[in-house]
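Shared between the two complexes below is subunit A, which has subunit B as its partner in the first and subunit C in the second.
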Partner chain A sequence: MNTALLESLRDALAGDGREASIAQGLVVVELAADALLATVGKLKAEHAFDLFLDVTAVDWPQREPRFDVVWHFYSTRDFVRVRLKTRVPADDPTVDSLIGLYGSAHFMERECHDMYGIKFRGNPDLRPILLYEGFEGHPLRKDYPKRLEQPLVPYRK
Partner chain B sequence: MIVNIGPSHPATHGTIQIVAELDGERVVRTDVHCGYLHRGFEKECESHTWHNLIPYVDRLNYCSALINNFAYCETVETLMGIEITPRCRYLRTLFSEYSRLADHLTCVAASLMELGAMTAFLYLVTIRDYIYEHLANATGARVTYSYGRIGGLANDLPAGWLERLAEILVQYEDFVGRVHGLMDRNRIYIDRMRNVGVLTAADAVNWGYTGPILRSTGVPRDLRKDTPYLAYSELDFEVPVGIKGDNYDRYFVRMREMDESVHMIHQLMNMLPEGPVSVDDRRCVLPDKQLVYTEIESLINHFKLVMDGPQVPAGDCYAAHESANGELGFYIVSDGSGTPWKVHVRAPSFVHMCGAHRMLDGYQLADIVPTFGSINMIGGECDR
Partner chain C sequence: MNANLKRPAPALEYLTTKKDELIGWARKFSLFPYPFVTACCAMEFMSVSSTLYDTDRFGAALPRFTPRQSDLLMVVGTVTHKQAPILKKVYEQMCEPKWVIAFGVCATSGGFYQNYAALPGIDKIIPVDIYVPGCPPRPEMVIDGIMRLQEKIAGSKHPIVGDKF
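Up next is the complex of A and B:
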């Protein structure tokens, strides 16, 4: 693991309301939701983070704001990963979409929208992907009961 | 005209639906729908102990379940600050490569069969079946092994296992050699595969491709080389890449990767150190059965580990292994209790489906089957 590289990345990404640290071999940046697009643009243009790995959310029902939205990126030039984290409230869980920067964001944002109800501003296609049309609720939210079923066709008695 | 291909179609293994807009025989636009195998894996994970999840992660990529096991265990171990024993490190590497071999054999065999190459299919699944039986001998199961443990492995190798491994690798050379002879310069095969489903390197990176598909476009990115984990930094191996990123390159990259895996297994067989396979850490590894029966501390320890599970410190962690399909990442969040707060899988197959239309659009309807076969979509990890 290239510690010097990670440290320089951490220093480059800190500031402007962003907090950067190093944890388990990747750079973790906590930022405000409105700083997302600018930060990701900078990551891609200046630091060669060309592979968008993943977006997901973490639900903390007792906390305000309730959701963490977490992105992972990988640089195929420097072989390092960076994690972006932001917090969004339950009444308006909206973040900017990254489909303008990475094609792979399409499906992963759809999945995150399915599972947590996070809205991605600028993604026109947030149809259900792992769930089906007409599914109510967001199953990975902690208040969705694990055993609740929503069969499309009623079960036979 | 709009044609539905799948979800119940023999070539859409693992149930996927491709809605194709056609102009004659040419595919103009495709919309890929997945989720037919969604079974709430991530939700289910949140109500079990960390150890109980190992059988679940088996069922993500069921063609190479051991790689899932090890990637998951390593993520939890990283959060717990556990360093596995040397023997375990080499064994996990060996089993990972052995699984990759089985996975690539499955993928290549299935995609050849879909083009009518039944003989090549039988050659490849014959050798795969030797591997399955052989893995069953070590782990007790043919497909879903549940062999990894947080802090080690379920058990050490049985007697004579490495001798049989050497035999199988010889038979592998024989059978795969025959498939090379049947397919590589086969006119029909080349016509169906060359310049079909072409993906450029820039497209592949933009659409999040990793693994053999990314390498088939000529990008030599492989986590085993770039961010070495387990014992990969000590092994001699090459990263095969393609030239055009078409179906033929994806076939050939997988065939070459299997040879590299065999080369690595040969090295690992000579490098295996003696010693325990599990760490001596009572936070996650069960105490010796003899002690459980004779002293109260071990009995309590055993009970707590089974009932409450390993206590993972609060925090989050992302770790990734190069699985047979690409970057398999686990993002876990622990709140310090015995059950996971969140387990998220970065499944390569799911990401690959997102950009699948880049390989399907503009080609013939009949090309969908070989192109889709060369992506090696595994429903278990795609839909979770």
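Up next is the complex of A and C:
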């Protein structure tokens, strides 16, 4: 593991209201939701994080704000990963979309919207991708009932 | 009322029985399976249909990749709610007579997927003749299932002209 590289990345990303640390061999940055686009633009332009790995969310039902939204990026030049985390409240779970920077964000954001109901400002196509039209609720939220099914075909008697 | 009046003549009854036996014998050795394969059980399905276990011995070796030419629907793997309308459509396209094997525990009951995504057993939407549990089932279990289906076919009625004969 390239510790010197990770540490220089951590130092470059800290500041401006961002907190950066190193955990499990990757740089973890916690930031405010409105700093997202600037930070990701900087990651891509200055630090060669050219591969968008995933966007997902974490539901903390007892906490306010309720959701963590988590992005992962990979640098194919330096072979390191970085994780961005931000917090959004339950009544307006909105973050900026990354489709302007990474094309693959289209699908990832649709999945995250399916599963957690996170809204991505600027993504014009948040149709269900893994779920189906007519599915109500967001199944990976902690308050979705574990056994609740929404069958498309009526059951036989 | 005399109940005997409704029974067919003994000669006709004998003929019907022999006809059912003959057609059952023919049908049980000419099962054309349609593999509706959705998940990891497919590996075991490949194993059971290839040389080592060889379902050809039971006449069930020739997969037809259109439901209209097949008479055995093998549902291999997890069926999700999103997939359920497709399975229903495939089943409805098959001509009579048709049989269904639920291959593996997911197709049988949903297995450990008791959640928003998975259909808890394909018998919620289509009738099933043989359940083969296991995750995945051993090829011996699948062969046992096919043989039990053959017994069922051999022992059932096969009306070809109307309901009676």
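In this section, the second predicted complex is superposed on the first by the 157 of 157 C-alpha atoms of A that agree within 3 Å, B and C clash if a C-alpha of one lies under 4 Å from a C-alpha of the other, contacts with A are read in each partner's own complex, and residues count from 1 in each chain.
The rule is short, and it goes like this: contacts are C-beta pairs under 8 Å (C-beta built on N, C-alpha and C of every residue); 3 or more make two chains touch, one makes a residue touch a chain.
A quick note: this is a predicted structure, and the numbers were derived from the prediction, not measured.
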Which superposed partner A:14 touches (first subunit B, second subunit C, both, neither): neither
Of subunit B and subunit C, the chain that contacts the larger number of subunit A residues: B
Partner chain(s) touched by A:146 [first = subunit B, second = subunit C, both, neither]: both
Contacts of A:156 with subunit B and subunit C, given as first, second, both or neither: second
First (subunit B), second (subunit C), both or neither touched by A:90: neither
First (subunit B), second (subunit C), both or neither touched by A:70: first
Subunit B versus subunit C as contact partner of A:132, first or second or both or neither: both
Those residues of subunit A which subunit B touches in one complex and subunit C touches in the other: 130-132, 139, 144, 146
Touching residues (chain side subunit A, partner subunit B) in the complex: 1, 23-24, 26, 50-54, 56, 58-59, 70, 72, 74, 76, 79, 81, 83, 102-104, 106-108, 111, 115, 128-132, 139-140, 144, 146
Subunit C residues within the subunit A interface of the complex: 81-82, 84-85, 88, 114-117, 119-120, 123-127
Residues on subunit B engaged by subunit A in the complex (per definition of touch): 33-35, 38, 40, 42-44, 46-47, 78-79, 203, 205-208, 210, 219, 221, 226-227, 315-320, 327, 329, 331, 333, 341-342, 344, 346, 350-351, 353-355, 383-384
Residue ranges of subunit A touching subunit C (in the complex, touch as defined): 130-132, 139, 144, 146-153, 155-156
